[in-house]
Amino acid sequence: MSYNLRLLISCPDRKGLISAISSFIAMHDGNILSADQYVSEGDKQAGGNFFMRLEIEGDGFGLGRDEFDGAFAPLARRHNMDWRVTHTDAPKRMAILVSRYDHCLIDLLWRWDAGELEAEIPLVVSNHPDLASRAEIYGIPFHHLPVTRGSKAEQESAMLDLLSEHEIDVVVLARYMQILTPKFVRSYPDRIINIHHSFLPAFVGADPYRRAHERGVKTIGATAHYVTEDLDAGPIIHQDVAHVTHRDTVEDLVRLGREVERRVLARAVRWHLEDRILVDGNRTVVFE
Amino acid sequence: MSYNLRLLISCPDRKGLISAISSFIAMHDGNILSADQYVSEGDKQAGGNFFMRLEIEGDGFGLGRDEFDGAFAPLARRHNMDWRVTHTDAPKRMAILVSRYDHCLIDLLWRWDAGELEAEIPLVVSNHPDLASRAEIYGIPFHHLPVTRGSKAEQESAMLDLLSEHEIDVVVLARYMQILTPKFVRSYPDRIINIHHSFLPAFVGADPYRRAHERGVKTIGATAHYVTEDLDAGPIIHQDVAHVTHRDTVEDLVRLGREVERRVLARAVRWHLEDRILVDGNRTVVFE
Amino acid sequence: MSYNLRLLISCPDRKGLISAISSFIAMHDGNILSADQYVSEGDKQAGGNFFMRLEIEGDGFGLGRDEFDGAFAPLARRHNMDWRVTHTDAPKRMAILVSRYDHCLIDLLWRWDAGELEAEIPLVVSNHPDLASRAEIYGIPFHHLPVTRGSKAEQESAMLDLLSEHEIDVVVLARYMQILTPKFVRSYPDRIINIHHSFLPAFVGADPYRRAHERGVKTIGATAHYVTEDLDAGPIIHQDVAHVTHRDTVEDLVRLGREVERRVLARAVRWHLEDRILVDGNRTVVFE
Amino acid sequence: MSYNLRLLISCPDRKGLISAISSFIAMHDGNILSADQYVSEGDKQAGGNFFMRLEIEGDGFGLGRDEFDGAFAPLARRHNMDWRVTHTDAPKRMAILVSRYDHCLIDLLWRWDAGELEAEIPLVVSNHPDLASRAEIYGIPFHHLPVTRGSKAEQESAMLDLLSEHEIDVVVLARYMQILTPKFVRSYPDRIINIHHSFLPAFVGADPYRRAHERGVKTIGATAHYVTEDLDAGPIIHQDVAHVTHRDTVEDLVRLGREVERRVLARAVRWHLEDRILVDGNRTVVFE
């Protein structure tokens, strides 16, 4: 079965990196299907950082699936690279966490069913039972892990076990209304995607549509970001907005916001699954 | 010379207001060219507020320019109306305040010259001399009132005298980099329009593009609002955004932001000049 | 059970219409919740046309549900009005026609389930069996009426019978891939909404995404319109676009287009259901 | 004085191109500041085409300005490359052609003055005298070449002489209302940028706003494209739109359109000046 490799690299910038990397690929008869590159500004002393994403055809490539790492490691070491390689025939395993709002879940599952998302979805997890049927329509097991004040630590632990058991690569918070503990967050660094229902950094925290209405804004937004230990402060992946008017009530903002949220989240998830995102401190490099 | 009247009304909502107002117009043989109306939600006890904008043809209207107020006052009193009437052949007198950035000024003057803005512009005032030629191209007097640490109060006073002398109706801060004193703000309630170079309430205060870049946002914005005594907290008139990527430096954000700023400010100014904006607490009702 | 009335009027413009209409409402103790009005330009001789939409509170209104027509008719006749009144507790009965693409159907049903669409949906009809489960999840009967070259007239006739039997008010073509006959179109004047997958009038007819790709456009669009006997030429209700780049293949355009199509169609349907659209020749007046 | 090189390449796709090119740069100690690459789909037999844009630091590069061509030519020949190299300290020489509308001209000149456009502007040419002062404010010579029915060929010839004399690299039609002859077009292949005031391919030809209004569209657009011998059919560089409503008259469309036109044209011109556009048949590859 044919596949492509995706090679993602970040390292301190220096001369000759593209040549070194592409020559390595050429030496092994690889066909580069796409190449994206970016050098961050950096500061005066340190210089910038180099980011690259390559997609290489598996057919005809001289390095077998198991040989790549060994062959590439010396080059990576010499240039101090953070790197990873993925294969398009091994889609990521994605867990979706939800509470009661269904719009992001339904949209993700529809897109997945339509072939827009390269992923396996072994499970949907929720602290409420309401959305079970939404997942089950698509044949995806739904796990209900209710959270009460006392049971939170325990249930999160159960959830981590469940994710680990299903070998989950990426966790999507599709309007999951519980705050994750630092322990959970550290288990999936740069691999938990949240949708926040405001245009961050405006309206961090709870109830952003009500606060947006009170402030009388003329545009509302949504923000997809990686989750870090600081609430709503992780690296932003994507943002978009919708225009509103004085006629729109809080309920209208919620309705219009749903449309923005699902669109922004789906795009962020798609980019993550296609290995288009590299994290650069608290910023993201997105090779669209 | 023919003209239209614009009647703007806000008052506590009650039954029969549209009928009472439109019958008053009809009784005097007025032709209503356009009518916009809105009732705010209000809270449980108080009920909502009623807002209306009517444009009435002057030709054939039975009330002369000087008779309208006397004829309408009793009705207005009965319904507790805040109201005003303007005439389209008496455009507002607008002062533009600038510092060193020219993009908003150039855009406003170009639109004014193209007939997009119903206004007279008797003067441009600046705390810097740089943009004198930009105004003078269009034959508009440019006043340079330099502000130093010690002279601020004095210069603001001179500016108020100047505005008063020129019978200014509306003051546009086209990237004017001085904070106005409460005294100044109180002199032109709901009649000073500022453009803030961020998507408020994100990045209130100084240097929003640098802070947006540090936060790694994927969208930047601009906000036109009426100036109140609270910095960047006045009623929002209009907002818009532009998408940015990891490739955009702070300088790129500034460049892209200029385009959004001038567009957002021009639209807010246009709406104000056409009496399309009513203030509802800290929110605006905009009858586009 | 409480309800509102929606009164929609179009007639030749003349003085005093708003007064006449709102006084009629006031005379019967009606509370106007919202009023929108527009006068078209018209040509030199004929003058413009007047369009109005009023929403009136049923509670406390002096005219009973059965009395309104009789009471309003004389006024309507005097001013040559086209008019209709609807009641918010009698939502329209909507049929959805689909073929094989599911994105518009799923989106409409999700919104309907979320309470965004004021309608009853007694049936989904398709010329293919594929999407039966999509409708049945929501408990909506799915009718499969296969169309072959020979059976088209007969099946359309069966469909008209079905719609009539279910007292359908509005027909939504959610990517229904059959061209309707003039007879069908004439049965539901200004009551069949289609989504065309291009930015009309660009790419009328078949295969618009492929043709857009060949032309090398940088933006694709979708258009919701009322169906008339001229293919893709009926009154446009709503349009929107998405930006594309040289990297986007025809398949990418299809994927991106799905998002625009479902959004544009949903908005048009919502406006229709809320009686926000009046047809003015081949144009629409939309009171958002 | 320091500068960067920009290398633009298109050729039939094959393995090893990125490696060959970047190794050539590395061999001469070049520092690649940015690299963009794209492979078109192509058809079954022919395979796709390869497009690349590299920006290389001049400082420290082992090839002098005069040596690059000789050194690169053999590699280029071997891979059948169309290629060119430009230097950032030699900005393109741009002529702007206008008629009577000033919005695109004013916007381009303001951006140029603000440092947004890497160009020299030796002249503005017009078939009308009206906009002379717009150019002269910025110290740019304005040439008036009136065109009458009989004088068209002659005047175009004079214009070509003028452009040639000023060593013009790129011609911008900033709402220039004359159709250029094939001879003129052939003199500047892929180097004449036009702004068409519609969303092509909708409303090819004259008077698009009036026709858009008649069709009742809800969105208007503008298209920047390279001029070819087929009217309005050349490769599209950029497009954008603005939403309109039933309230917008033809004059409103013109006003709203001006904003879109100037923005779309400015962006296309900026990309061209920064060598970000490669032509691929009747499509453009834009490395933003």
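By written order: A, B, C and D. Residues from 1 in each chain.
Note that in this section contacts are C-beta pairs under 8 Å (C-beta built on N, C-alpha and C of every residue); 3 or more make two chains touch, one makes a residue touch a chain.
Since this is a predicted model, take the numbers as computed values, not measurements.
> So subunit B and subunit D: same face meeting same face, with over half the numbers shared, or different?
same
> If you average the CA coordinates per chain, which chain's centre is most distant from that of subunit D?
C
> Could you put a whole-Å number on the gap between the CA centroids of subunit B and subunit C?
37
> Go ahead and note the Å separation of the Cα centroids belonging to subunit A and subunit B.
Distance between chain centres, rounded to whole Å: 42 Å.
> Would you mind listing the residues of subunit D that make contact with two or more other chains?
38
> Please output the residues of subunit C touching subunit B within their complex, sorted ascending.
Those in contact with subunit B are residues 15-20, 22-23, 25-26, 29-39.
> Touching residues of subunit D toward subunit C in the complex: what are they?
38, 40-41, 199-203, 214-219, 221, 235-241, 245-247, 249, 280, 282-286, 288
> For the complex, give me every residue of subunit B touching subunit D.
Residues of subunit B touching subunit D: 102-103, 106, 110, 114, 116, 133, 137, 255, 258-259, 263.
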